[in-house]
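Report on the following structure.
Residue numbering begins at 1 within each chain, and the chains themselves are lettered A, B, C and D in the order written.
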Amino acid sequence: MFVVMVADATEADIIGVKSHILAEGMTPYEHRGAERLVVAVVGEIGSRRNHLLERLGGLPGVERVTPISKPYKLTSREFRPEDTVIRVLDAVIGDGSLTIMAGPCSVESREQLLETAEGVKAAGATILRGGAFKPRTSPYSFQGLGVEALRYLAEARELTGLPVITEVMESNQLDIVAEYADIVQIGTRNMQNFSLLNACGRTQRPVMLKRGYGATIEEWLMAAEYILASGNPNVILCERGIRTFETATRNTMDVSAMPVLDTLTHLPVVADPSHATGKRSLVPPLAMASVAAGADGIMVEVHPRPEEALSDGPQQLTLQMFRDMMAKLTPLHRLVASDRRAAAPA
Amino acid sequence: MFVVMVADATEADIIGVKSHILAEGMTPYEHRGAERLVVAVVGEIGSRRNHLLERLGGLPGVERVTPISKPYKLTSREFRPEDTVIRVLDAVIGDGSLTIMAGPCSVESREQLLETAEGVKAAGATILRGGAFKPRTSPYSFQGLGVEALRYLAEARELTGLPVITEVMESNQLDIVAEYADIVQIGTRNMQNFSLLNACGRTQRPVMLKRGYGATIEEWLMAAEYILASGNPNVILCERGIRTFETATRNTMDVSAMPVLDTLTHLPVVADPSHATGKRSLVPPLAMASVAAGADGIMVEVHPRPEEALSDGPQQLTLQMFRDMMAKLTPLHRLVASDRRAAAPA
Amino acid sequence: MFVVMVADATEADIIGVKSHILAEGMTPYEHRGAERLVVAVVGEIGSRRNHLLERLGGLPGVERVTPISKPYKLTSREFRPEDTVIRVLDAVIGDGSLTIMAGPCSVESREQLLETAEGVKAAGATILRGGAFKPRTSPYSFQGLGVEALRYLAEARELTGLPVITEVMESNQLDIVAEYADIVQIGTRNMQNFSLLNACGRTQRPVMLKRGYGATIEEWLMAAEYILASGNPNVILCERGIRTFETATRNTMDVSAMPVLDTLTHLPVVADPSHATGKRSLVPPLAMASVAAGADGIMVEVHPRPEEALSDGPQQLTLQMFRDMMAKLTPLHRLVASDRRAAAPA
Amino acid sequence: MFVVMVADATEADIIGVKSHILAEGMTPYEHRGAERLVVAVVGEIGSRRNHLLERLGGLPGVERVTPISKPYKLTSREFRPEDTVIRVLDAVIGDGSLTIMAGPCSVESREQLLETAEGVKAAGATILRGGAFKPRTSPYSFQGLGVEALRYLAEARELTGLPVITEVMESNQLDIVAEYADIVQIGTRNMQNFSLLNACGRTQRPVMLKRGYGATIEEWLMAAEYILASGNPNVILCERGIRTFETATRNTMDVSAMPVLDTLTHLPVVADPSHATGKRSLVPPLAMASVAAGADGIMVEVHPRPEEALSDGPQQLTLQMFRDMMAKLTPLHRLVASDRRAAAPA
């Protein structure tokens, strides 16, 4: 439930509300909106709903207490109507600009990474991606260069100024990944690795949470809720395709997730057409579709020589293809964004 | 398999090839491309492949005989590299212009239809849709006005000049539907009603074939092949969402079908975001996404007063929402189309 | 809604109730249970619910009027608590005995069919299956022998005494199919071919309705409702696998449909492990599973020489495999059935 | 690839082969079958296939070297034709006996667990299940009693003699869980938590690996391969339902996975109808179906008072329902097992 404070609530009122919530064994989370301060009450409310509604509703400075039907609380638009905007170095995600996360599936060598980083930067990427620890279906496949890759990513950041995003696969890796990376990524297979979600909730880095390939949108938001409830408000959602019976593509990208999420949550959403389709030629049209449907950005795999890639070669764009895609994506985003501004209330 | 004729093949050569094909118990289909005439050989080839390759390859005027691995033949880009362009009254589908099929889910009354028809025409629709015979999950739901609705559709065409599309549910209805409608539609539940496909293959009207909600893209193209093989080359494909585990939307629109089909087939493809999402607010963003991904057009349900609709009320746009959507869709299409023209070979 | 009559309601009372229902523009269906006669009211009730409840509740001989939340009415256990038992020649379906429908995918020749018919009869089959009109994904695949096959099926019935089941693909075929076959089958691709459902509702033959491969259990029951509402109470449901992301089998057999249907409907349910799995070796274990889960029977494809079959060779059992399967299935059914009898109320 | 040694290969021969494999940067795994010793070569073989085939094929004591097409190696029946049999205290899994893992979803109190443990033991359970660390979709749901629950499980083992299985959610928990539990379970959401798989590969405890609800059978076997490749051969697979469009059940149990796995792998397979269906009444028929299809056992949730359960109440059996189910399952298994013995080669 949410406790909405009156416009002129004092700090003492707010502390009073929070203390009462803590005393009930629940956790308070505050959000300072444009007009009102709201305190979310999270925990196992269960049968104490009415007791809490009455108790908190009577405290000084409280305008009203609202029960929430949605199972996710901090993640919901109801709690926080304003978009979450995340700033990392010079990149801003979720403010209406177009976020482009580009780079190789795996960091394979210093040269490969630096060449890609400079190429994608020149073509308009705003964030550099690259896999250091790779989750692979087979134990016998290339598992990534690990910490060596993290060092190359840091070097590429120095060179290009682009913030770096890379995947973390377990809680024990989080410290070292967060030391080098600007954004940590939770992969599709770990979307409900609750230990990892909790650990990422305690880091200072923004977290990009990929949708589980078998997960509903609601489960995805519940996974994000773990991160927010553990203390980290800076979460980016990434749609990367779901499992269906169709075999023409690796997965089926749920493009409708973009507008659905826009109504349900304040978190920014990017789309990953590389993993969704598994085929290079399908990446640009699905990137276009995602931006047209309202995505805040795109994550895309780019490799100087995809045919030599150690992982996911068939879905990585060449640098030339990436440049061509950017030449189409930029005016499309401008069109969609101007339309959005026109629609926004004065 | 395809028999590619030499550039200066005579009519006698072509007749000779077709006669041989018929004599083998197969059916010949010709396509006159820009440079070459190609004759497709369809039927149960099976073990006679090598025999046929050799026999046909030796005939006068034959440049080469090419086996086709794909199970669909006439539908494939390999047989016909050029896009199929379909003309109906003043509407042209598949030529790079934006096709907008709009109108109510069901024709409910003369007034409702005419009001909608004028409204969508004014906002830029190019084709009028409206259900006369309605396939309904329940035998107790409104099943459409039938022939009465067909007459209103014809009247609306007189009034607006828009060609009319409506669904046909069984072979026995085809004559009456084709008498009134300009394009006949096969619904998602009938995608593999092979009797109906064959019947539609023998009509003179263009046919719009909706994807079965449980069908793969390959099965969909095989269903189109039934229509083409029965003699009707004017088929429009319509993506309308597939069944998945996600429950936030009525179906999951497979936006990747747009670029996938563009490589596999020469047939035009439109997208139906109304049935794909089942929610009015999701229709415009999915329409945008589909056009950005390369759709030739959109089919969309519009109702003057959706809250009074006898079927599918929650997914029908108001006329104002339709106008707003068109104001965004038109510049988006212009952008995507100009980009396509730039990419086309000189 | 259901009108439950008092135990000593007169025929005049019953006629009175039915007349009122007809006068309201609805259709009455009666079911004479062990203790009470129940009249179902079907049609577009909509906003007239309260009016009808009151009106019908006040008629002579009416005990109570019950609204039904389920969208299927005649198909539901609520309307008819007793199992539907269907008798065809010497076969009885739905009475607790084990129904075994066996035979070739397609009738390919007189010899092939008669050999198979005698073989399956000897091994314990109770009904002979065989395709005459074959729905095929490709227009270029073998489409069945048609009427010639129907004649062979009739001859096989003469020879073995087994009733015959075969598929009907369109309304126009129904007369000829019903002339030769004892049970008509509606295939998975036609589950929502509403014209065909209505036509089958008007035939005297029992109908086996296969589940659409993309259809939910509720949609399947709604399709059965079309047949019952058109006047034919003798419907058998057949689970044959649904579309999922798993590729190890052709479809995924929804074995849980057996107990789910047992609570929702009074109609008998058989399972088709041949189409569900697409692999011969998986047919016996899935047949066992289906009977253990409560299926009333099994439909299975058997061919004397599957490697020569014109359709679905990989999934057809040899006669020896069929005999081996029957040797396991019979004692399993005895065990499960005795257990059921023990559980039934005295 | 597999190196098959001659029947009279010496220990020196075997050591020689293994040394060569290690020298090539690969890992050798041996399996001593009834007649032959086989050494699997695992690692990134890639382009060195022919070199390795030739090199290893020429070593003393080598009969032949066989490349394997399947992506899983140690898990495959090809490597180890004999069933893996796992012994834990008095329980034996995979030897043809019926394994019954029963107990509450969550351990909620000492009393609740001990009462359940004694009840399920008396009714024929062979292993006690109970959740200590609970993976929950919502961060605000009951997360389990943790180590306190582990202590109660150990006490229940003392009392009943039943070995104990419980879930481990992260590598850091593994030591403490393995200290108390006899079998550690990896849950459906962690099936591709590769760090956890590797950690479980290094423990001495048998591991039960649940299928990911969105995972194919092949991906599931690849996940098992991680455990085997890390050194732990004692893996039990557990089918617990997959995500489909059907909403009548929580998931759709893939009963065909039982016979499919029987041909692909030597590992034992149990079925979990509680999570597959989510409904108490469906658990017994699905348990019957799974055993009839060849499952080595069943995992089932049982609670003395399901209506008071802190998690998954609707799917937990009462003790009486569990007893009734066991009374049916035991003779069914006897029937299926005797049939299997008859089919086994002399």
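Note that in this section a residue touches a chain if its C-beta (ideal position, glycine included) is under 8 Å from a C-beta of that chain, and two chains touch if they have at least 3 such contacts.
No experiment lies behind these values; they were computed from the predicted model shown.
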item	value
Neighbouring chains common to chain C and chain D, by label	A, B
Taking each chain's C-alpha mean as its centre, the one farthest from chain C	A
B-C against A-B, pair bridged by the larger set of C-beta contacts	A-B
Inter-chain centre distance, chain B versus chain D - centres from mean C-alpha coordinates, in Å	49
Centre distance in Å when chain A and chain B are each reduced to the mean of their C-alpha atoms	37
Contacts with 2+ other chains: residues of chain C	214, 242-245, 247
Touching residues (chain side chain A, partner chain C) in the complex	243-245, 247
Complex contacts: residues of chain D adjacent to chain A	42-45, 71-73, 135-142, 169-173, 189-196, 212-215, 219, 222, 225-226, 229-230, 242-243
Chain B residues within the chain A interface of the complex	214, 216-218, 242-249, 252-260, 263, 276-277, 281-282, 285-286, 288-294, 328, 331-332, 335-336, 339
